[in-house]
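Below you'll find the structure I mean.
When the chains are written out, they are named A, B, C and D in that same order, and each has its own residue count from 1.
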Amino acid sequence: GDDEEESTSTEAPAATEAPSATEAPAGTEAPAAGAVSACQVTDVGGVDDKGFNQSAYAGLQQAEADLGAEIALLESASDADYAPNIQAFLDKGCDDIITVGFLLGGATADAAIANPDQQFAIIDSDANDNAGTPDDFADDVNLENVRALNFATDEPSFIAGYLAAGMSETGKVATYGGINIPPVTIFMTGFLNGVNYYNEQKGTAVEVLGWDGTEGSFAGNFESLDDGKKLAQGFADEGADIIFPVAGPVGLGSSAYAKEVGGIRIIGVDVDMYVSNDKEKEVYLTSVLKNIDASVFDTVKNVSETGDAGDDYVGTFANGGVGIADFHDQAGDVPDELKAEIEQLVADFTAGTMKAG
Amino acid sequence: MELELRGITKRFPGVVANDDVNLHVRGGEVLALVGENGAGKSTLMNVLYGLYKADEGEILIDGVPQHFTSPRDAIAAGIGMVHQHFMLVPVFTVAENVVMGVEPTSLGGIKLDLATAREQVRTISEQYGMHLDPDALIEDMPVGLQQRVEIIKVLFRHAKIVVFDEPTAVLTPQEIDDFFVIVESLKADGKGIVFITHKLREAIKVADRIEVLRRGKTVGDADPKTVKDTELAEMMVGRPVDLVVDKAQHEPGDVVLELRDFTVSDPSGRVLVDHVGLQVRAGEIVGIAGVQGNGQTELVDALVGLRRVAGGTVHLVGQDITVATPRDMHRHGVAHIPEDRQREGIVKDFDITENLALTGYYAPPLSSGLTIDWKAARTTAEHLVEQFDIRTPSVDTGVGTLSGGNQQKVIVARELSRDLKLAIACQPTRGIDVGSIEYIHERIVALRDAGVAVLVVSTELDEVMALADRVVVMYRGKVVADLPRASTSHNEVGLYMAGAKESAA
Amino acid sequence: MSVTMPTTPSTPASGALTYEEKRHARNLGIAYIVLAGITMIFLTGHSGTATFNLDGGRSFGLPAQPLAWFVAASLSVVAGIQLWRGFGKWTNVVLAMASLLIFMSFLSWAAAGREFSFIGMLASAVTFSTPLIFGACAGIMCERSGVVNIAIEGLLLNGAFTSAFVGSIASGWPGMGPKSGFWVGVLAAMITSALFAWLLAWLAIRFKVDQVIVGFFINFFVLGLTSFLSSRVLTENPDYNDTPTLGAWKIPLLERIPVLGQILFQQTVFVYAAYVLVVVFTWFLFRTKWGLRTRAVGEHPRAADTLGVNVLRLRYRNVIMAGAIAGFGGAWWTATLGRFNENITNGRGFIALAVVIVGRWHPVGALSAALLFGLFDSVADKLSLLNTGLPSEFIKMTPYLMTIVVVAGFVGRSRGPKAAGQPYESQ
Amino acid sequence: MTAATVDGSPAAAPEEKPKLVVFFDRIDAYNNLLLPFLAIVSALIVGAFIIGLTDIDRLKEGDIGGILTTIKDAYIALPTGALGSLGGISETIVSATPLILAGLCFAVAARSGLFNIGATGQMFAGGMASVWVGFTMDGPGIVQVPLALLAGIIAGGLWGGIVGILKARTGAHEVITTIMTNYIAGLLTLWLLKTEAFQQPGKDNPVSKTVSDKGRLPELFFWSDDPSLRAHWGFLVALGGAVFMWWLFERSKVGFELRTFGSNADAARYAGMKPATLTTLAMFIAGGLAGLGGATQIIGTQGYATESFAGSIGFDAIAVALLGRNKPVGIVFAAFLFGILEAGGRKMQLETDIPLDVVLVLRALIVLFIAAPALTRLIWRLKSEGSTSVLQFRGWGA
């Protein structure tokens, strides 16, 4: 049975993690005449944020490697940098400008309206037009030339919650965020709902520490790893044995704690942390995947092939935009029954018969 | 031991502070160094002490040229200095201040051996009869005792030449007498002493030789046995100086200031000024004599609104001003020359114009509405600089660079140059040269003659006796005597000041 | 520079403080009344018993509402006495007791009907305030000798980076394991931070550059450089960013003391080092020749100079030593997390600066201030678990708000070494 | 001043100089232009080494020529990016605008003897107030814009005033309280942006409602219809702030009191000034200036508020103010220098592969060299001048 289970749980990521493997054969046929140019503007986190900026850039780098795309990067030092950074790329004549994060929503929309022939993509935001009168928020204006890349990360988080609830020996699991903003809390809510679903299904009373649906525990930043360790220690003091940090590198502090004390499992976020954090790989039960790189790659590919970034995109289980990683070393700890249930959940989400809400 | 300074020249930007100065002192000899404010006395001594490096000239000890690059070298060569502004760390104890730099230690030179330090300090202090508690905090000590700490510092380092830069300026008469006893014993010990002072009679009294410095140059020496203070003053200033205050008879008018049961206490409730009653009439100078620390400072501070009045009333021309603020007092035509010139009286970073505007900036003619009319302020300042003979290149010069005497003149000019009912002058001539003293005294008398009520507070008995029409003596917060000047003597007032006598007054 | 005409002790300058103290006393009385009122708020909402878990399965419970009643009543009494005649020398003790009561009452309110690990909260305060203690000691050492050090943040960050980087590389050296490699990294952190501190001293002393500007320069410079190296060197070579973490080193016997054992004696070497540093530093500062001269140089450098103390050399030495301390403190991150990350110190150096001042430039004061900050930080963490209904942003404010309350309410006016920030000209 | 140079005659009537000459005397062309120039040159030389050393890939390959090209490109990009085009100038101005105001904020407090690290928090307060006015009001720009700015001033002023009151009433050290109020303001902003009153309807991200076009500060380059020229009248507001500060300290009564209090608190008390009021007022004015900076950032540059709109401006501004020696003209120049480095740094990032972090290091170097004239003099062997004046904050020391 093990074999089968394992392949199931890796199935989702396989579909997205390696777009080059599944779809990119086309990449080799990338148009030789005038390579496509793709340019990324980061938010204030910078490109090595071990989060979405870095993920997005990984997608670009892949496009460079596989499609021969010309890539460029501008890091923003402050919110006031977004507009001029986009402008710099407009002046440079990029084929596709990729902006990262909701903070860039306004600047991206402004640029997109002013330059209707320019292709844009934005991550974690539907570019919204910030111009206009107070009651005329044109967020329903669907900007043709902006491809919004969003991710239903509540789906894999839901599964992570279900899994955590099933795996917890103390009946307490925990999650925390970087700061209390939707791109972060969507994970936490998914996780909470997953745990509650498990409780409903099994009549258990597994408790979630750190998030009650509106308020909870936050590191207050995405940089201080020690905050991650402190929070993990606090959760452990309260008896939690599985922790799901949604705070970029801060989560590494929790992993360090888990490795140090043993007996605590961590659920990774964004990427398969078993792979990306070799140092503490043994603490990861699994990871919630948000395959930004694949969608960015996909966008660049679209531009290079058709000249258009493509329609708005919501990463789901169905399209491989989100996923849940392998159990790796901990596969042996997960009961088969639970594995099967997880597998079923993935299938239900993929089929659209299950909702995370 | 013999010390010789030869051809010392020291320049500051725009100033030649010492210009080819020659000087020598022998062990067992007291050399008095006198000169106007800014004549270069302190500068010369700082060169000697290794704090400044002379541009030209050399320092010889027993004929051997010395190269002092820091006070360390000077100390090692046997030179000690008691600075004009004390060099004491206020939050340290006596012992800590004394031993710093040559600390007795234990634990292999790491741990401060305070027990030994205390003992050493006590020994020296007893040897010279200075009675100092090694554990007392400097900031809690009266100035006289602080000075003794400075002296012990010097002795502790086995100095053979001791420089005293204006040691008596801040001392009470009693403290000055004690100080001279110490000087005598140092001299007897074979130490050479350089004694800088503005009080010419002191110089004549203790010195074996007097050297006069003017505008950075030595203008000659004098034999204290034969020289008269007027001669010395003329050598210093370059013109004859009137050392006695010229004061015509003047009939006082109505009561301007009246204190009744005036009481001031510190926050812990200790009474500092004890039910004082006092009257000052128009055209009258009342001098408050008293040893420092007997409540005069607090009395004035409370009077001008810088301190809370604990009880009693103050009336100015009949009006109750007990709770007036400093600004109210200014508005009422009260002038205040503060005791501590540098702390309160001036802002060192400001230029002369700004300092002259410091108390009057808020009202016409210097100001209307929200702004200050700096043009008017400048004109006024130029006028005052001329009128009060403030020596400065321009009114844009920073006050911090002026000599003490000229700083004091800035304050005097500012405070006395307007319509006044009452002028309060605290230690108006502390640390100031005879030329300026003469001038400031003249102004005060002129004020009286113009019908202003004047209150002079001075620990300098001579000053009070010279200026006052009536002498009030404070002792332990109380007024112990209120005597017409004409019918009292230095001696009598001195007794009241020392608490040896109490009058029914 | 600052000693002008010497004056008698009872001038307004020294009186100013005491006048304020008097007003302070009155304000304190009013504050008690206000606090009693606030405590009444704890009567609303939750009720039930708050359970505070200790070690070894022990715990104690506090009934939220009765406690709030009790505290509000006691505070009213205390307020009355304070306004009526004050507590004299007991003022601060009473204040501390009152604060403790309010604190417990607040916690009981927040945790009514629930439980949480009280001991974990305290232990975490001790653990995570450690870098603040090192940073603050570095700051005190500089400022006590007259050099304002805004660069604590940069020095800590450099320490964190260098210890991780060098420590990782050194563990690969022949005959060197990860543990000894780590300590090589710590040494390197101390040396490089000392070098940066030397730069601070050199620029501030030799060239009289405004000390605050140099501090900012070092902060920016270190942040830029370590971020760059982190992304270009560490990310590309994960092996260069991989040291072991130092687990708890339980002190035999002591660790078994109930409650205290877990809070104080089951910590890492860095925590113990911080406490040793505070003790040693305090002793040195107030009992040794070096300490006497250091304090003199910070208060009145010219006085020290005229006694033959080499002011500038002492400043150089102390600032460099402070750098080494901060470097060591920076290594705490590596010891705790086994790696470096961009801007990992994230403003802790500035909190340390505040700690210096709250602690009134005294190592023990700084220790208390750091612990207090750490405590409020971990209180915030616990609050976020207790579903109090407070927005997370407000909970996050706890340590910052409380610092202000403590400073305004307890510490009052604090005055640094007089000469701090001024360049010294020996001529 | 002294008997040694000035002969007895008092105040040898200083000859009346024309105003302009006095002005240029003060500017003192030599020291104020040559030195900064050499300072920048020194910084660029040191910076070149840093760029070279951080170009790890080329260094590994031993590609010295490549490194030199990078340095050359970088140093061409820096000035051309900032000043080489109208767009660059516009961006330089955009960056300089809030820095001027926040720098003035620091300087006003500094000259009143207070060390105010709180510009960040005060900008948050001002920005949030102005954005609120901006999106709730719907009047003509001529009414709405000044009102939004005023709201910024008041909110920033109050936020700073709290620090002043705490200091005046309890003695709480302003360094502590400003650090803490910065954090608090950041958290409050984040919270506010999620409240119904502020949050953009239909969105759940913490981004505020948008200020309508007429509520925005007008464009500076109004004749051009290039939308990327973002520079706005906030720049004029900032210059106005500088003039205000000049007026405050050089002309006004209050400014004189603040200055006196900043230099010698005892003398201020003696002269009848009120220390507690002055402390509070200084912090209010300082906070107001920073709040105005926040307001121009919102209703000028961004048009809406985000949780990090104050960025690191508040901190950079301390360097700006100190560089400008806490004088308005100096601050404007220093802010411009920062603006140039920011706008030029963008082009540098784009045209070379020097990462942003290294650009920041370069900036720190330039600031340092400009702040250290003695160092520059030593390097270029210029003859030394009198010592540099150093600021004093009562917080530290006397």
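Quick note on the criterion: a contact is a pair of C-beta atoms (placed from the backbone, for glycine too) under 8 Å apart; a residue touches a chain by one contact, two chains touch by 3 or more.
Since the model is a prediction, treat every value here as computed from it, not as a measurement.
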{"item": "From chain C, the most remote chain by mean C-alpha position", "value": "B"}
{"item": "Between chain B and chain C, centroid-to-centroid distance (C-alpha), Å", "value": "44"}
{"item": "Cα-centroid distance, chain A relative to chain C, in whole angstrom", "value": "36"}
{"item": "For chain C paired with chain D, centre-to-centre distance based on mean C-alpha positions, whole Å", "value": "29"}
{"item": "Contacts with two or more other chains, residues of chain C listed in rising order", "value": "12-13, 227, 231, 391, 393, 396"}
{"item": "Per-residue multi-chain contacts in chain D, two or more chains", "value": "187, 190, 266, 269, 355, 357, 360"}
{"item": "Shared-contact residues (touching 2 or more other chains) in chain B", "value": "306, 343"}
{"item": "Those chain pairs that satisfy the touch definition", "value": "A-C, A-D, B-C, B-D, C-D"}
{"item": "Sites on chain D touched by chain A in the complex", "value": "87, 91, 94-95, 98, 135-136, 138, 187, 190, 194, 200-207, 209-213, 227-228, 230, 297, 301-304, 306-309, 311-313, 342-343, 346-347, 349-350, 355-357, 360"}
{"item": "In the complex with chain C, residue positions of chain A that touch it", "value": "46-50, 180, 209-210, 212, 215-218, 220-221, 223-226, 229-231, 233-238, 249, 252-253, 256, 259-260, 278-279"}
{"item": "Footprint of chain D on chain C - complex, ascending", "value": "1-2, 12-13, 20, 24, 27, 143, 148, 203, 206-210, 212-214, 216-217, 220-221, 223-225, 227-229, 231-233, 350-351, 353-354, 357-358, 391, 393-394, 396-397, 400-401, 403-404, 407-409, 411-423, 425"}
{"item": "Touching residues on chain B, where the partner in the complex is chain D", "value": "13-17, 19, 36, 38-40, 214-216, 306, 325-330, 336, 338, 343-350, 354, 357-359, 361-362, 367, 370-372, 374, 382, 385-386, 389-397, 401-403, 406"}
{"item": "Residues on chain C engaged by chain B in the complex (per definition of touch)", "value": "3-15, 18-19, 21-22, 287-293, 295-296, 299-300, 302-310, 426-427"}
